[in-house]
Structures are given as C-alpha cells and as structure tokens.
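In what follows, a structure is listed as structure tokens, so that the remarks can point back to it.
For reference, chains read A, B, C, D, E and F in written order, and residue numbers begin at 1 within each chain.
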Amino acid sequence: MRILLINPNTSQVLTEKLDEAARATLPPDVDLVSVTAEDGFPYISSRAEAHCAGVGVMDTLARLGGEFDAAVIAAFGDPGLLPAREAFDMPITGMTEAAMLSACMLGHRFAFVTFTPRMAPWYNEQVRQAQLTSRFSGTFTPDVPLGKIGEIDSDLREPLIAECHRAMEAGADVLILSGAPLAGMAPSLRGEIDAVLIDPVQAAVLQAAALARLAPQGASGGSYRRPPGKPSTGLPEALARHIARED
Amino acid sequence: MRILLINPNTSQVLTEKLDEAARATLPPDVDLVSVTAEDGFPYISSRAEAHCAGVGVMDTLARLGGEFDAAVIAAFGDPGLLPAREAFDMPITGMTEAAMLSACMLGHRFAFVTFTPRMAPWYNEQVRQAQLTSRFSGTFTPDVPLGKIGEIDSDLREPLIAECHRAMEAGADVLILSGAPLAGMAPSLRGEIDAVLIDPVQAAVLQAAALARLAPQGASGGSYRRPPGKPSTGLPEALARHIARED
Amino acid sequence: MRILLINPNTSQVLTEKLDEAARATLPPDVDLVSVTAEDGFPYISSRAEAHCAGVGVMDTLARLGGEFDAAVIAAFGDPGLLPAREAFDMPITGMTEAAMLSACMLGHRFAFVTFTPRMAPWYNEQVRQAQLTSRFSGTFTPDVPLGKIGEIDSDLREPLIAECHRAMEAGADVLILSGAPLAGMAPSLRGEIDAVLIDPVQAAVLQAAALARLAPQGASGGSYRRPPGKPSTGLPEALARHIARED
Amino acid sequence: MRILLINPNTSQVLTEKLDEAARATLPPDVDLVSVTAEDGFPYISSRAEAHCAGVGVMDTLARLGGEFDAAVIAAFGDPGLLPAREAFDMPITGMTEAAMLSACMLGHRFAFVTFTPRMAPWYNEQVRQAQLTSRFSGTFTPDVPLGKIGEIDSDLREPLIAECHRAMEAGADVLILSGAPLAGMAPSLRGEIDAVLIDPVQAAVLQAAALARLAPQGASGGSYRRPPGKPSTGLPEALARHIARED
Amino acid sequence: MRILLINPNTSQVLTEKLDEAARATLPPDVDLVSVTAEDGFPYISSRAEAHCAGVGVMDTLARLGGEFDAAVIAAFGDPGLLPAREAFDMPITGMTEAAMLSACMLGHRFAFVTFTPRMAPWYNEQVRQAQLTSRFSGTFTPDVPLGKIGEIDSDLREPLIAECHRAMEAGADVLILSGAPLAGMAPSLRGEIDAVLIDPVQAAVLQAAALARLAPQGASGGSYRRPPGKPSTGLPEALARHIARED
Amino acid sequence: MRILLINPNTSQVLTEKLDEAARATLPPDVDLVSVTAEDGFPYISSRAEAHCAGVGVMDTLARLGGEFDAAVIAAFGDPGLLPAREAFDMPITGMTEAAMLSACMLGHRFAFVTFTPRMAPWYNEQVRQAQLTSRFSGTFTPDVPLGKIGEIDSDLREPLIAECHRAMEAGADVLILSGAPLAGMAPSLRGEIDAVLIDPVQAAVLQAAALARLAPQGASGGSYRRPPGKPSTGLPEALARHIARED
C-alpha cells in the first residue's frame, strides 16, 4: 500500500519530522512518500494562511495522488480537507480529524495541547465542523515566547507538560499534541503524564492505511460525490485539469 | 458610506443581477461598488470550487478593500468569509450568514430554497460552522434539469414555489432564496407564498451597512485579531503583501 | 423611515440615555421616536418584572405601532419580544437578540458584560430561547455594590473593564455591554479593551432599520403568523382591541 | 397536603375537566382546590395570549398561594411558569414541563398530540426553554376543523388516534395529550394505542405533590432566588404587594 | 401501593440508610420493601462494577417485581435502568435520573456533589444517556481521603459543604447529594447552603410512586416494548425465565 | 500483532461469518483469533440481552485478553464496551463505535441499515453515548418478516437495497450494514448502491489494529483509568480475579 503525506507548509525540516514520526508507527506493508508544499508559508498559523495552503494541497493531490492508495494532509487544522474529500475519490485523512476520532476510542474527552494560542481559533473551527464539540475539553497552550519552530520540542518541554496537566484537570482523557512541530514528541512525554497521548501525524497515517482497506474509494457517496467537470481560469494547472475532469 | 460587493464567480451577468437586487434595498447614504472575480469559475458549485474562489476574494479585499467601509462576499456559501474576517479589520458579510442571522429575527426556523441539490452539502457546512443547525429546516431543491444560469428565475419559477411550500411544511418560518442566480426574485414570489422570503444579497448588503455603523473595525478582537505579518511565496501579489503587512 | 423605541422601564432618564445612544448611530433617513413605559417598574431586574413589562410593551405597540416602520424593545432581556412578533406584522427587534446576532458577524463567541448578577438568569433564558448557547461565553458582572442606576457608567467603569478582560480570557471575541444603564458607554471603553464592543441599543435600532428594508412585514409567516381575532377581558384597552382584531 | 390548581383560561368548563382528571390520580392525602382565571381569554391559543395570562397566574399565586403546599399552572404551554418559580418559594409545576419530565422516565422520546396546529409554536418554545429538544419527536395535530372546545374529545377521537400513530412512527415512545380540552381523555384511548399515554394535568398534579415532599421551598436557590422587594405601578394589587415584599 | 427498593450493592448497612431516607418522605399509602443485592460488590464504584450489578438488579426484578406497583434502583448511576425498563412492564426509577428530572423543576442547572472523583465518569454517562448535559453543571468532589463508607456523612460534612459552594459558583441552582452513602444527609446541610438540595433516593421513591399512578404499565411502548421470549444459558434463573417469558 | 475477536452471541455460525469478513481486510502482520460466547443468547436483540452479554465479554477479556495486543467486541451495539475500556488497559473496539468513527472520515452523515427494527433503540443508545447524534441519519430496516439468522443476507438482499436508498434520501453519505448477520455482505451490494458502504466488523478490526500501534495501553487515562482492586461475590471467576487485581 502506498500513502502520500503532504506537508502544506513549505518547511522541509517539518516534513522530515512528520515523516519520521509517521514511519515509527507504520504497518509493515505501507510505503510512505512525504512531500513539501512548493509555495505558501514556512509555517501556517492563521485562517487565511491555512485557506491558501488548502489550494496547494489539492493541487498536489491532482499532480501526485493517482499513484497512491490514500493521502494524509499533514498540518494540524487540516487545510483543504473537506474540499479534497469531495474532489478526489481516495481516502484522505487530516491530522486534526484523525486524532480526534482516534481519541474517541481511547477516552471520552480529548484536548489539544499546543505551543501557541494563535492556532486555537482555527483548530476550534475543525472541531465544530466535525461536530465533536461535546467531546472537546479545549486547546491548552503555554504562555511563553516561542523560539525557532525546529526547536520547539526541546525548549517547550516543561511548559507543555504543565499544559498537559491543566488539560487533564479540565476533564480530558486523551491529549493530542497539536501542530506539526510537536510530531514525534509523544514517546518522550509518556513517562511524565498519566493520560493517553496522541501524535496526530501517526493517527492520520494509521487511519489512512485503515481506510484504504475498509473503503478504497474514500468519501465518494452522497454529499461527497465528485462533481462533474468544470472549466476554470487561474488555478494551478494540475488542479484545473482535475476539476475539469481532463486528467 | 462605501460598500464593496465581491462576486466570487467570474460571470459578469451574475454581478449585474446581484448589484441590481442589492441596490433595490440600499440605505440612501450607501455607495455600492460591485466587482467580478478575475479568475476562477463561471459559477461555483462545489466545495473545491468555493475553496479556490476564497483566495480570490481575499486578494480582491487586499487590492480594493482599503477604500471601503465594509465588504460583501456575494456568493451563497460565503467562500473565504472566516479567513477574510481574521485577515481584514473591516466589517465583512456573506450572503449565507447574513441571511441566516436576519432570518433569526423574522421567525424561528429558516430554510434554504435553491435550484440544484449539488449546493446543499457546501451550504450545510456554513450552517454548521455558524452553529445554527437547531434553527435550520434544511435545503429544498426542485428535481428538474437546470437550464442556463441566467434564466433560472423564469424557468424554475413554478418548481421553486413548490419547494417553498415543502419547506414551510417542514417547519420553516423564513425562506432564503439561495444562490446568486435567484437574486432579485423574491418580490415576484411574495404574492404566492405565505412565509417570509429573504433575498440573501440584500441581507448581506444591509448587514454590512449596519455593521459599518455599529463596529467599524469589524471582527478584530479575540480569535479574529489580525495576525502578525508573514512572508509567503506563490500567493496573488496584493494578498501576499497584505499578509506580510506590507500594504 | 420611522422607528419606535419602547423603553419597558418607567424611568425617563433611561429612555433619554437609550435614545441618545441610538441616535449616535442612526442611518440618515431614520426618524426615531422613544417612549417610556407608563406603568411597571423603574428598572426591571427579575423574570416576573420582565414578564409584566412585556404586556405593557405589547400595549404600546397596539397604541402607537401603526405609525412606524419598525419597533425596538429597549430593555436588555427583550421583554415580550416573541409574543409581540407573533401579534404584530412589522419588524420588531430586542436589544439582547439584536446584539447577539450582530455579534455573530463580528467574532465567534460573545459574552454579556453587565453591572449586577441578578440579571444573568433572565438574560440566559434569552440565549437559550434563541438557541445560541454554543456561541455564548457567559455573563460577567463585577462583584461590587450598585449605586444609583443613573450613575452606573461612571461608578463602575473600572470594575466593568476588569470584567471585560475576564470575558476575553473565557474566550469571547465580542463583548455586549448589557443593560440599558450602560447605553452609550462603549466608545469610552474602546481604547482600553482589545475586543469588539457592542452597544445593544445601537444593534437593536440598526437591525430594526435593516429589517424594515429587507422584510417590511416582519415575522409574519409560519409559526409567527398573526392569530385570528379573539375577545378578552381585563387587558389594556388598545392591546385587547388589537388581539380582537378590532383596531 | 394542599395543592392549588390554576386554570389560566377564563372557561369554568375547562377548570372542571382539569379538576376531574387531576382528582382521578391524586394521592390520598392531597386536598386539591381548582380556580379559574378571572380575566383573560376563554381559551389561550397564541404567544401573546399566553403571555398576558401569565400575569394573571402570578396574581392568583400572590392572592391564594400562601395557603397551599404547591401549585399547578394548568394550561398546556405553562404560562408564567419560570417567572412564578422565581417570585414564589413553593413548588410550582406546569402541565407541559411536568408531562415532558415524567415522559423521560417512561421512554426516550415523547411527542405532543393535540387538536390544533396553532398551539405548536408556543409549545415548542417550552421544549426549547427546558432544553429537551433532543428527546422531542414533534407536535402532531389532525388536519380537521375544530368544533366547540368542550366537545373536542368526542369530535376528534378518531383523528387524534390517527395522529398518535403518526407520532409513534416518528419515533415517540410516549404521547402527551396536549391542551386542557383533552384532559381526562387518556384512559379511553389506551386500548387503541400501543404507546404510553400521558395526561399532562395528572402529571402536573403528581409532580407538584412529589416536589412538596422532596423540596418544600420549591425553586428557591441560585438563579431562582426570590428577588428583593420592588415598588411598581399598574400591576394587579396582590401581585404588586408580593413583588414589593409587602405581603 | 407497594414499592420495591433494590440496593444493587451487597452492603446491608447502605440498604438501611437508603430505606430510612426514603421512608422520611413517603406518601402515606406507600408500602416500601427494601432488599440488598445477594452478590456483587459491597459498594459499586466503577463502570464494570455497575455493569455487573445491573444483571443482579434485573434478576431481583424477575424474582420479586411481580408483587409490586413500582421499583427503585437505589444506587447512584442507575445500574441496569434502561435494560430493566425494556424488560419489565412496571414503573422503574433510578436515583440519578429521578434526581436530575426532579431538579429540572426546582432550578435550571443541577450539579452532583459526591464524596469521591472515581464516580464522576460513570455518573456523567447517565447525564449523557438522558441527554441532559445542557442542564448539568458538573460533578463536585472533595479532595480528601475517604474513610469508611458508613461514616462518610460525618467525616466529610465540612468538605462537602465547601463543594456545594463551588457547585453554586459554577452556576448550579440545585445540588444532588450523590451516592448511596449520602442518603439522609440533606436535612442537616440545608441550613448552611443557600441552594436547593435533593436527596436522590427520596426523588427516586417519590417519582416511582407518581409514575405508578400516572402510567401503571411503566415504559412499555415504542422502543421500550418488552421483547418476545428468548432462551438463554448461564443467566440467573429467574431472569432467564423472565426473558424467556416463562414466568 | 495479535487481535482477539469476541462474538458476544453464542452462535458459532455467526463467529465464522464475522471472522471471515474480518480476515478479508486484515493488515498482513495481524494474527486474528475469534471466540464465541460460552453463555448467553444465540443472537442478542434487546437491551437486557446486550447488558447480560456484556458481563461475558468482560470475563472473556479477563480470561484471554492478556495474550493479545487489542480486542474487538463483535456484536453491533457494542455490549460491555465502556466498562471493558475502563477495566482493561489495552485497545478495545466495538463494531458500532468503530464503524461510526470510520464513517466520519468517509462522509458527513452515516446511517445504520439493518434487518429488524427491534435493534434500533439499543443501537441509538450507542450513538447518544458517543455523542454523535448530529452526524446520524437514523436506522433503516425493511418491513419484512425475518427468516433464519444464517440466511439473512440472501433473503433480505432486495429489501436491504431498498433501505439503503431510503437512507441516502434521508441524507446519509455512508451506510453501515449493521448487525453481525450482515457481516461480509458489503462487497456484493457495492455495485447497486451509490454510497459508501461499511462492514462494521472490518471497521472494528482495522481500528483495533490501528490503536494497537498508536496507543498500546488503550483507554487508560483520565476517566478510563483502571480502578483499584475490589473483592466481589458471584462474578465469573476470571472477571472477579481481574477486578480484584489478582490476575
């Protein structure tokens, strides 16, 4: 089975982190290929940035998706997830959604623990869109200045542990370490936190692999049926061809 | 007061329809300028199409928004609305959201009556994101083939009246005539339907005018605070400058 | 356009405050007339008081409403709003509802900031009746003794600012300064609070003006259709005639 | 134990019907006294009518309540229930609320079966205010002309049975025969309907008796604490004295 | 009227406490018989323990229920309540559900105040299953070590009062003293707490008595219709015969 | 990886059906062992039957679970799922829950299509407990007499296809073929139904395999922390030892 992991950020360092965390959990028959966004932002952290990145995600799917059994959108907040599901007939998962749904089998309430409050509003929109607010305990972020994205896991270790404890006090059974820069960090925290920790890129890859076996056509029925072809102007070339059904 | 109406579709005919319907209801001191998307789709009718159009809406706001007191995103489904609200500090309304919130003062439950079932899933996402599902009676569409977009109002008059009656039986107090091609159609139906009819482009323009008086900075606090500047690659030029805070 | 503002309290001082705040935001073509309740309570602050005042509001509408294009119920908590909507075929807005719905276009979550906790239970009933609890962050009130109603805005300035900050920490994007005695106070607070502030009497008047253009018959369909005439005993005279359909 | 049953309608015939149905189910130590509204409407059937009747209910409680252990507001729709709960420190039940909450122990979903669609919007408001919408299957009414209120039970027997079956098909486990004119009708229908039938005046009286034992002060804490005394003008005399705390 | 109170715990001391608290509130014509579980746990405090106890509850109903007009499951958390409702055609109440529904007539929001946080997850499941989360302020427990179950009421008096105050600050109008060991404790706390206190075993017995008058067949319609007989192996003998419809 | 599939019914034929359907989708490194309940019911179809079966499921986990990486409760309705999650520190999935959560990545709304209406109330309880009602379109069952459980898939093929179409019209994007007797039926229906079909035993096994990689301790934090040991009487021997923490 071949899975395509799309990092919607332009940072190659993040792609490597995500790829490494994903590989640590892969089923033995999965071949993972990770790609980095060609254009956009080094690290997405607002609604507008996420929205723009979503177009790139769809273009990558149009360019490369045909050779894969499933795809993963590997930025917390899942830019472009629902449009991609409608436009492409293959299983596509997002880090936020896959982590939330996995969490629902590991406890009743989940929380996001992340490194900056700027993300929370965008993440909350995904919880609402999935209609999972009644199982959500909130987003918890340390109140400390942020260093380099690449060093977040070492700099923020202690503050993140403190936030994990706050989230547990707020009633969360499962803590989702949110945001690509925290990928791979869960194992080193498990000893200090008496709750279930989820690494969302692992959740996203595992769910993609599961869906590829369960429903190889992905979301392709009802309100997610692929629309008829339509001409356009100004879109990235591969995406334009895909929407026109000329690919 | 100056209001910018942005048609996210590339069809100039639709812009004229929307502009005409909006003008019929304008407060006397409002100067309305309507613009058509330069790129994208003649008429948006899927999640992916709406998502791509949202980028164009933000670019138009970056190019032209500075000269206006408020803006209207004039496609039912409100492409780009929440990202635009965060990125721009001026009142911005969308046809779907403005119509729903206006409807909440004209009855308890509202329904969308529109011309093709393809739109419903995308419209429903907006109802969920606004968390208004408990006041929503559903989307009602005739089961007839669609002619030219420009002639929908004449061709579909009888089938639309039948759907209005179905929506009323389902418990809707207020009917929202959904989709830009139906703009301006409400007055001709009022005599035949014993329910409140809303033309959503009128709702969007009136709400934009009201917000420009009530809260001139628009959504600019809390989770909608404009983010700090950030560099990017590959974005439309004006939008890139705006996100970088170089405009 | 003529709008009738009804203060359901018997305090003339409050009417003047409300009228002044409303005028500061009126569209140029709106002629506003403000009236004070003839009977009832100097300042409503319980469910029973609000309920009794609602009858007076309906009687005022029966006496004076016919000469106006829209009406505003100008006490936070909206006494008599839903019954009045059903009984009268003109747009009628209330301060609480209009402020909440306007807030939904200026952020995701709103909070009420007010001067006494006695009001909160009655206000909360309006949030529930509107089914907007998922967008509500709560009611915030200073824990200080209350002076004269007429001097609340000067006495409580600092405590109210502190409550605004608490509401923001609780996740509110938009703060509604709740209760007629706070009318007109928003501009003087804007410099100190990094959130969107709404003056609810301004929201109510602006929404009334917008609805008068959008749907001149107000809530007149479905479950808000005006009932057939019915005789009664003991009601205020004009209201009895209106309900009997003898006016 | 003494229970006061207040019929908020002015029809003495209805009071007798309600009293008779209630007596058929009374615990042996309960002394029931039923009174008819002195002013208002022969039979309440709109929001405005219910609202006005609520003032009379509170005045009756102020006049007579002191001699009773609990009170019942005996019109479906519960006019004045929440304000009365706050203003009086004794158990007070309403037919709608008591029937709904009793139904929650006799099945998962309940429906209202009643004789005219005019009532549904007002009844639905009570379901929303109680936040029981997720256990509500809707209001079902025959589509036949209404004869005299006093003869509804004989005229509408067959159409009501048909509506009961429709409600069951819609998923209701428990059917509430709604509206004072249907009081006492349940036993004669039980043989024909394979669902649990509730007579709401019986539910209201039984719950009043239960609460008088369980919590003799009624709703008297938190947001239902009785407010301090306050002067007023124009209110019914006994109610004015009660609100002023001069009784 | 005869009511069967089933203590699903094996502790006879608790049965006596529950019986005594229930008797303090009984209507004069009710004959109460209290029985203790023959097998299971001295005191249930986890989901698995509650689940196992539910089978014993059903077996007791199969053995003894036929001689009673109604039954009460007297452990907070209501083990076996919904299955028992379906399997037996008589009114059956549970302490948690009866207390919650009674609380809904004594205020808007209720809270559970109990003696150990271990119970909260199981109790919360009952709130969710009843779909009453929007009226629930949470479970409040002192953070102190637990002594003997039989002495909880004296040892924990002061910590419980403190939790009652926390629950009130969190917005609860009504406090439910949760868990069989707190049965009978409410009267001694009433002087110190300005909120409505409910003893849930009293609520359960009073509701059982009310339902026995209102709907003697209990939950017997719709989704709670008793299933056809079915053979089994390994079940307690009386329960097996009841499910096989051989009793 | 070793996964234990527990059929809570006593029918060996069903175990074989479930095992076969599960094997058709297994990841290559998963070793599946399927066991049949020793006691209980040939085929569970009511709340009481499911409740009793839940005890057997926990006993099987106590007897055999220690040798496996994850377990699957293989009866639709998930008997004993939440208690088992708390009592055992390994990933445990249920057919209903796993199918619902998988469906949430394959569309917005899911429906259950099954062979007898008797199951619906019990299934609906699981949707409520998971708080997924807003994504649920209902349970659809043919109105035809039921033959032998072992022949349901051939006898009911046409009626089930008709129900699938009804579910799609009701807005479901994903259809879950519910009930163990339908295991393995999905592939033969895919050609006739233009929606996503899920075989829930496949979903449950795939999710168990995914969780075993993602969170090997299963639900073991917060409200699902395993309780301290406790003595009991009358329980199945292995379960008693497990709950006493003597295994």
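Methods note: contacts are C-beta pairs under 8 Å (C-beta built on N, C-alpha and C of every residue); 3 or more make two chains touch, one makes a residue touch a chain.
Here's who's who by UniProt: A, B, C, D, E, F = Aspartate/glutamate racemase family protein.
Given the structure is predicted, the values throughout are model-derived calculations rather than measurements.
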Most distant chain from subunit D, judged by the mean position of its C-alpha atoms: A
Of C-D and B-C, pair with higher C-beta contact tally: B-C
Copy pair subunit E, subunit F: interface residue numbering same or different (half cut): same
Option in B-C, C-D or E-F whose residue-number contact pairs overlap D-E by over half: B-C
Between subunit A and subunit B, centroid-to-centroid distance (C-alpha), Å: 29
Gap in Å, rounded to a whole number, between the CA centres of subunit E and subunit B: 52
Distance between chain centroids, defined by C-alpha means - subunit D, subunit F (Å): 44
For subunit C, residues that touch 2 or more chains besides their own: 108, 121, 124, 131, 134, 222-224
Residue ranges of subunit D touching subunit C (in the complex, touch as defined): 10, 38-42, 45-52, 54-56, 58, 80, 82-87, 118, 120-121, 124-125, 128-129, 131, 222-224, 227, 230-235, 239, 243
Parts of subunit A lying in touch with subunit F, wherever the complex brings them together: 25, 27-29, 91, 93, 97-98, 101-102, 104-109, 130-132, 134-135, 168, 171-174, 194-199, 202-203, 206-207, 209-211, 213-215, 217-225
